[in-house]
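Below is one structure, written out as C-alpha cells; comments come after it.
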Amino acid sequence: MDNPVLDRRSGPLEQAAHDIVRAGQRMDARAWVPATAGNISCRLPDGRIAITRSGCHKGFLREQDVITVDGAGRPHDPGHRPSAETLLHCQVYRRMPDVGAVLHGHSVASTVLSMIEKTNALTLRDYEVQKVFDGQTTHDAAITVPLFANDQDIARLAGEVEPYFGAMPAGYIIRGHGVYVWGRDMDQALARLEGLEFLLACLLQRRTLEGRTLGA
Amino acid sequence: MDNPVLDRRSGPLEQAAHDIVRAGQRMDARAWVPATAGNISCRLPDGRIAITRSGCHKGFLREQDVITVDGAGRPHDPGHRPSAETLLHCQVYRRMPDVGAVLHGHSVASTVLSMIEKTNALTLRDYEVQKVFDGQTTHDAAITVPLFANDQDIARLAGEVEPYFGAMPAGYIIRGHGVYVWGRDMDQALARLEGLEFLLACLLQRRTLEGRTLGA
Amino acid sequence: MDNPVLDRRSGPLEQAAHDIVRAGQRMDARAWVPATAGNISCRLPDGRIAITRSGCHKGFLREQDVITVDGAGRPHDPGHRPSAETLLHCQVYRRMPDVGAVLHGHSVASTVLSMIEKTNALTLRDYEVQKVFDGQTTHDAAITVPLFANDQDIARLAGEVEPYFGAMPAGYIIRGHGVYVWGRDMDQALARLEGLEFLLACLLQRRTLEGRTLGA
Amino acid sequence: MDNPVLDRRSGPLEQAAHDIVRAGQRMDARAWVPATAGNISCRLPDGRIAITRSGCHKGFLREQDVITVDGAGRPHDPGHRPSAETLLHCQVYRRMPDVGAVLHGHSVASTVLSMIEKTNALTLRDYEVQKVFDGQTTHDAAITVPLFANDQDIARLAGEVEPYFGAMPAGYIIRGHGVYVWGRDMDQALARLEGLEFLLACLLQRRTLEGRTLGA
C-alpha cells in the first residue's frame, strides 16, 4: 500500500487515473483548464487520494501524471510533488465523507463573476439546472455559492473555507481563480461542474444584458 | 410487444436508441445538455415512445439508457424510471400525429432570454432561418415562441401548454429551463432545434447590443 | 458528360464532392450552417457547377448530396432539386472567371450585424486579417462588405448584387441571412470565409463594447 | 547541416515539425489562427529556426509546410518563402537564449482589446492564471502586456519591440493583429498562449460588463 509503483497496478488506482485523465480531457474541451490550471482528484477505497501532479496540462494528462497523497496531502512517493492546492482537496474529503471526487477548474465566467461581485456570494435562483445539486428538488429555491479571497497561503485559505461546509451544495469559488466542486464519484462531480458552469454562464450573460450587480 | 428485453432486439427500437444516442452527442457538443439536463425521445411504429432514462448525461448515453413508455408515460418495464418530463413528450406525440421525435435541451440563450422576457413569448422576424419551421416560406413573417412558467408539477405545466398546440411552429420554452422542439423524425427535430437555438443566439446578441427588451 | 451517374465516377466531380463534404463539416464545426442552412459549390473544369442538394444538413453531407447544374442553375439530372439560391452561386461563377468555389453560410455575427446596421455596408479597417482578401496588402486600408435586403425572389436579389462585382473583395452579406464568399479553389474560399467571419466577430464584439453604430 | 532535404530526416527537425503541426491544430481548435493567419516556430539544437511556410492554414499543416531559416530569417533552401513576420520570431530567439518555441496567433479578444485600448499596454492583475508566466509567484502582482502599432514594415516593427525584452513576461500584442508568446519548449509556449488568451477573454468580458476603459 506504501509502494506507489506496485499500487499503480491495483484496480482502484488504475480506475481513478483513468477517470482523472478523462475528466481533464472533458474540462479542456470546455476550456476550463487553461495553461496548467486546475486539478482533479479521486478518493481511493483505502483512503488515499489520487490527484494530478503539479504543473502539467489537464487536457493532456497521462496516467503517470496521477500521484497519490495521504489525507494531509503528503505524497506517498517522496519524489512526487503534488500541487499546493492539494490541501483544498483533502479538506473536502475530510469534511464530506461521501465525496469520492473533487474538481477544480478555471472558467472565464467563474473568474470574471467572482472578481466583480461585491458581496461574498453568488446567488442562483429559478434555474431548473439547480436540481443537479445535493438536496435541491425545485427551481424556485435560492442556492448560494460562497466567494473567498484568493490567497497563495493555501492553509490559510482552507481556514476561510472551513466554516462553510454543509452550506455549499454547489461548491465554492476562489476570486480570480476558479471553482471547487465535488460529487460521490467522478461522473457526479463532472455533472455538477457542468451544472455550476452553465449557471455561471447564465448569470454572466444576464449581468451583461441587465447592467446590474448581482449582489444588489 | 410487451417484453422490452425481446423488443430491444427489434429493428425500430434499435434504430430509435441509435438516433437518441447520436442526438445526445450532438446536443452535448453544442453544450445544450449540461449536467444531466435534457431529454430525447422517438415514437416507434407501434406507438410506444422510446425515451432517455432519468438522471443520465445526454452526451454519454448508451443504448440501454433508452427505455420505452406508453402514450401516458408509463414504462413498459416496471423497473425503469422515466424522467418526470416524459409527460411533456407524450403530450407532443398525442397532439401532433405526424411527429416522430421530440428534443428538450437547456441552452444558455433559451434560459436567459426566457428569464428576462416580460411578455409571454419571444418573437422571431426577418431571419432566413425561420424557414426551417413548419409552414414558413419566407423570412418576413413573424414566428412566436411561447414562454411558460417553470413548474415542478409536470401535469399542471402540460395543462398550460395544451391550448397552444397548432400555434407553435418553432416549439416552446419553459422559463429558466429550456426548449421543447419536435419533427417528423430525429433529423428534422435536430435541424429545428439548431434553427431555434441559432435564432435565440441572435436574439440574445441583439438584446445585448441594443439594450432593449424584446417584448417592447 | 450529360450523364451524371457516369460523371459521378469522373475525377473532377469526385474531387469536388469530397471538397464540398469537407467544407460542410468545417462550417458546421464553427456553427455557420445551422439547421439545413447554407450551401456550397465548386466549378468543374468542364464548366458545370457541383453544388449541395436542397434541404440537407451541411455538416452531414454525403457525396450523393452533391449534384451538378449548368451555368443557369438547371440540374443535369431532372430528378435533382438544387437550392433556390443556386442562382447566386452561378452569378459569382459567371462574373468572376477565376473563381473555383463559392460558400454561403449563416453565422450569428453576420446575421446580427446585417440586421442592425443602418447603412448599406459594413466597413473593415485596421485589421491584419484583411490581407487574406484579393488585392489587399496592408491593414490600414478600408474594405467594404455590401449588405443587401433579403428577398425570397432570388433572381431579383441577384439583380441587386450584380452591379457590385469587382468591388467586393471580401464577399457580400444578405441581411438576416448570411454571407457569400468565394475563392479560386475550396481552400482559398474557406480561408476567406474564416477571415470574414473572424472580422465580423471582432466588429460585433466592438459594437457590444462601444455601444456605437458601425456606420456612424 | 546545410542540406534541408537531408536535415529533414534528422531527429530534431522532425520533432520540431511534429510539434509545430500539433500546435497549429490546437490553435485552430480554439479559433486563434483564422484564414492563413498566425505562425509557429521552434529553435533547433544547431541554432536553425524551424517555422511555418508563408500562406498556409495553420490548422491543416503538413510537415513539409515547416521550413528552416537562419537567425536572420533567411531560408536555408532558397526555394522556400518564409512569412514576412519570421523576423519577429528571430528577434525573440536572439534576445531570449532560453526560448525554444514562439507562437503568433490572432484571437478575437487580442484583436479587439488591442484596438480599443488607448494606453500602450494591457494590465493583468489579481488573476491566479498569471502564475503561468516567468517569474510570477502570486496573483496579486500586476503584469503588463505591451501594445505595438501594426506595421507592414516588419523590421521597423521589430525596432519598436526591441527595448521591451526583459519586461514582457506574458509576451506582446500588435494592435489589430495578434499576440506573440514564447516558452522554453512548445508545451510551455502553448500553455502560456492559453494562459494569455484566457486572461484576455476575462478582460474583454469585464470591459463589456463594466463599460470602463482598461487603461483608465
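A, B, C and D are the chain letters, set down in written order, and residue numbers restart from 1 in every chain.
By definition in this document, contacts are C-beta pairs under 8 Å (C-beta built on N, C-alpha and C of every residue); 3 or more make two chains touch, one makes a residue touch a chain.
Here is each chain with its UniProt name: A, B, C, D = Methylthioribulose-1-phosphate dehydratase.
These figures come from a predicted structure and were not determined experimentally.
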Degree value of the rotation bringing subunit B onto subunit C, based on Cα positions, nearest 5: 90
Self-contact between copies subunit A and subunit D, residue sets same or different by half: different
CA centroid of subunit C to CA centroid of subunit D, Å: 31
Geometric centre distance via CA averages, subunit D-subunit B, whole Å: 44
Residue list for subunit C, restricted to those that touch at least two other chains: 208, 211
Touch-based graph of the chains, sorted into line, ring, star, complete or other: ring
Subunit A contact footprint on subunit B (complex, rising order): 31, 34-37, 57, 106, 108, 111-112, 115-116, 150, 152, 174-178, 204, 207-208, 211
List of subunit C residues in touch with subunit D within their complex: 30, 126-129, 132, 137-140, 187, 190-192, 194-195, 197-198, 201-202, 205-206, 208-211
